[in-house]
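Only one structure is covered here, and it is reproduced in the block below.
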């Protein structure tokens, strides 16, 4: 069995990692850390969790593991990843700390100094369907943000084929509340979120835009402006992005479907729906899949791409396990639905 | 007291009319009809409703009322409205039958022959904030659709001021499930809608587009293409439309707010939020208000307009009562919150 | 117009008071206080609220009001109520501080010393249907807890008629999340409460038991043990209590209904459903009503009483306004649905 | 691989079986039937389902399967189970048709003649934790109802140990909406169930009472009256039963826990919570577990047992797979979480 350590296991992504790994036939969690809850077990925090002891990061026995997952907040990940790198422990970092290519970009979006900039060149952006070869060789994988995962998988085929009529995309995004984390805030209070629906940070300041625009430029060879408009959805899990782009070619729905299916041939976790079908949250929750539908708007050059994922699975912990499988040379789909 | 008759009271809009009118100081419901449930009372159908007897439309004593509301499905409204017209009963029709200006347009969108085309010229589109004078003199008011109410109030100021850079709007709309009516369907089954979020009829075939484009053209003097993309939201009530337009002028958020506030000065039911605030469902549910926020996207010509209403109140029965108040010369706000 | 002051307006009951009073034809809010949010307006805290300025309690102009509502937490109410008493301001206190008859009982249940015990004898338990005459003459009304309101209205007829076979009641109670207040806690985090259902403090320690047992004894002349088992329901509003008692008489459903209807004849806010109908949350939310259904279990001596209220209306702010109306000699139903 | 046939795959339990079996390492679905949807695939009906073709029952190739699951409505199961019996196909029937021991009892509760009474003696009640040995040898297993599973596991220890002070139990049960099936009804319309909570069939007529009382009598040696009061909960999945019994012995919480843990030693799917913890839906949804908490009410002889399951897993399809594993000599836990 492959030994796994989880740093920062008390949040939703940590809990989800434990859930997914409990069904993985070749990996087992050797330890899980939490500074706040050290001494308790994960079952004290989550009704459905096993009684996994939570220890302080200091006590974590690095020698017993083959790979580490870091589920810490941004900034807190940097020193830990440096330590793991020093100890030669392959690492999947679920924070934002190693997703951007430069310390300057990090500073621009996160308003803070990057203190582990020397590792940025080594870190690989962990979106397997777009970056598999690099992930297989990586020692440090930056697991993508939930929104960028959904958006980049949706845009990759049109970007690669240079099919945009203008370098812009409007992304009207909707996310379940677990995307906001387990920290307490009025926004995530049941009475405030229930029977409500609300946009937030729609003024081009959401930090996930940095990832989307960075990776979109690599895919398409030119800078793309993403008008990103997230909304909070009164469900626990799931992201649905409705994406509007103007395309250089006027294709029929069936042609778009066929182009996307070719682009994602052999990808088990990306599903392109037949023309006329529309992606929904129920296609993806509790799975590692990204489900995409394509609808050209007749009489215009607009293509509507709907892209859905489970923010905690393909948008976080499932994709992290997919990256782990690749880094360790295992079957990429092990433990994932 | 003003006597009111409600035709088709068993659906959500009929029930909501009864609820709103029960708080109206000068109107009282004299009868309510339902073909399916004639003989029962509204309390048999709705837990919170009064024991209002439901009678067959045939038995309805037209002579006892000063105004009729028709809450029948489209096509079913036509003969009834003809009868009411013949009997000189002022009528607010909540169906789609008298919203379009021509029988040809009706045929194009509803795929059916209009059988009361002679009344189309007389029918007034009942959006009071845009059409008050005509409503005050009307005998037949076509109550607007829920989505068009939200979208037209959001677009009117930019249309009137000729501020669109191109004659297009993208409307990413989200509606609570009551918008789909009380008829049974898998779409509205609790387990199918709960913890889900799904787009529908996004291929420019949703019938509300016809109203939006017709009225937008009147406001702006040119044909506007509306890319309308509705989604089903797992809440009971409320519509939030996120609208993307390209504008000819680059204004600051505060300038947009001030332009809109001028445009809606003295309108009690339209609220323009201060710059930086964003409209949400909680602003509007159980009220007759339309709440709008304005966010220009820096570095682009895009303006994001978020517009919220309660689909059953300002999107249907509340607006119907507002129209009734105008038609009967009452204070427009009576009975409305 | 009657002038009203609200102390502690930033919580759910304060906000609900403002909402209800905005529709009251003879009362108007002269000031609203909040220590935490002094300087802001209520609209900064609640999307649908008016821009009512929040001031510190110290600045509150007592001379401008005819009645005060206190919506402070227990213990915090005591000194304020003493001040209001000293200033001869009629007061409805929504906290638990003046509900119990003795400082000893308060100490037993709230584990704290009562610091305004001299006012306990004067305070009237504000359940109008059971205590109207005393409320009309009171200067200080202790507004009942939400659960006790629902349970006492359900039990009063059997208690008064001495119909219990044994002095016990099992109350299986379910409450929406607003009952837990607006303070942040993991319990009220959307992801923890959504798609969940959970019992809490079921070991006879819930403080509302003290009120129920105290008032039940007054009604029935003997001590009644209430096995009170509350659960958190994933809805925003509403309480449904399923109550099991053993009765000394075996009556048919219709007889129970008729006994209860006699008991509550002329009570506009208590509705006894016909035999065979069952009370639900949809009967009561957003109303000041208590709806009760009665089901004897054939072949046993068990009577099942289902009692529903809106915890924020009849369970708090609506009942507080009902008490205000009585104290000020107004029509009891003014401003209430 | 073991070949499986599913009859009646279009409902929630059929879909759930497909979901669970897709993760079973030794079983594969060879065919799935649906009369209504023959010709379509399961993916046409459920967003997350695989494209499993649905065929008519007539075309089902019985020779290719080692075991059949019947997910038909009651009455419809009888002739099919007769056919499967004739063809010597081991069968797990998820309907109610073979749960009662006699045709007379069936007639009493289901108001219909049993047409396959000759198989009743052979059918084994499929609650593995109570009936494992018989299931292992059975050719026909009647999969228990969801409520009875939850209630019988909760009561078995006190029944077996003869610890009831009187032969009665009050079961205040709450179920998610999937328990009502996928058929359309006003009860399951989103707007009617959402933000609502409602009791139903509480007058001792719910058919699951027959199973509970029948099996409780076998466990405890005397007839037990179950006052069963189900409520509809606005969640998709999960059952929580709050059970009130009077016990002959006054034990401390810890003693009850220890008694129950002994009773369920080695049962992987039954979890008894430590004293002070309370069972919730989040303990069990998407798992095959039954989680139970025990709270004696101080000063009384009442024990409160809270018992939770996922109605679609341990309450239906998960338990069916557990039964399949036992019948086929596989590890009982295969494919189950």
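Should a chain be cited, it is by its letter among A, B, C and D, assigned in written order, with residues numbered from 1 in that chain.
Convention: a residue touches a chain if its C-beta (ideal position, glycine included) is under 8 Å from a C-beta of that chain, and two chains touch if they have at least 3 such contacts.
What you see is a predicted model, and the numbers here were worked out from it, not measured in a lab.
Undergrad: Of the other chains, whose C-alpha centre is the longest way from the centre of subunit A?
TA: It is C.
Undergrad: Taking each chain's centre as the mean of its CA atoms, how far is subunit A from subunit D in angstrom?
TA: Taking the mean C-alpha position of each chain, the two centres sit 37 Å apart.
Undergrad: Can you check how far apart subunit C and subunit D are, centre to centre, with Cα atoms defining each centre and the answer in Å?
TA: Centres of subunit C and subunit D (C-alpha means) sit 39 Å apart.
Undergrad: Taking each chain's centre as the mean of its CA atoms, how far is subunit B from subunit D in angstrom?
TA: Measuring from centre to centre gives 46 Å for this pair.
Undergrad: Please list all residues of subunit C that touch 2 or more other chains.
TA: 195, 234-236, 280, 282, 285
Undergrad: What topology does the chain contact graph adopt: line, ring, star, complete, or other?
TA: Shape = complete; every chain linked to every other.
Undergrad: Which of the residues in subunit D come into contact with subunit B in the complex?
TA: Residue list for subunit D touching subunit B: 12, 177-178, 182, 184-186, 188-191, 193-195, 234-236.
Undergrad: Under the touch definition given earlier, write down the residues of subunit A that touch subunit D in their complex.
TA: 22-23, 46-48, 195, 280, 282-287, 337
Undergrad: Using the touch definition from the top, list the residues of subunit C that touch subunit D in their complex.
TA: Listed in rising order, the residues are 168, 170, 172, 174, 192, 195-200, 202-204, 225, 227, 229, 231, 233-238, 240, 242, 244, 278-282, 285, 295, 297-300, 302, 304, 306.
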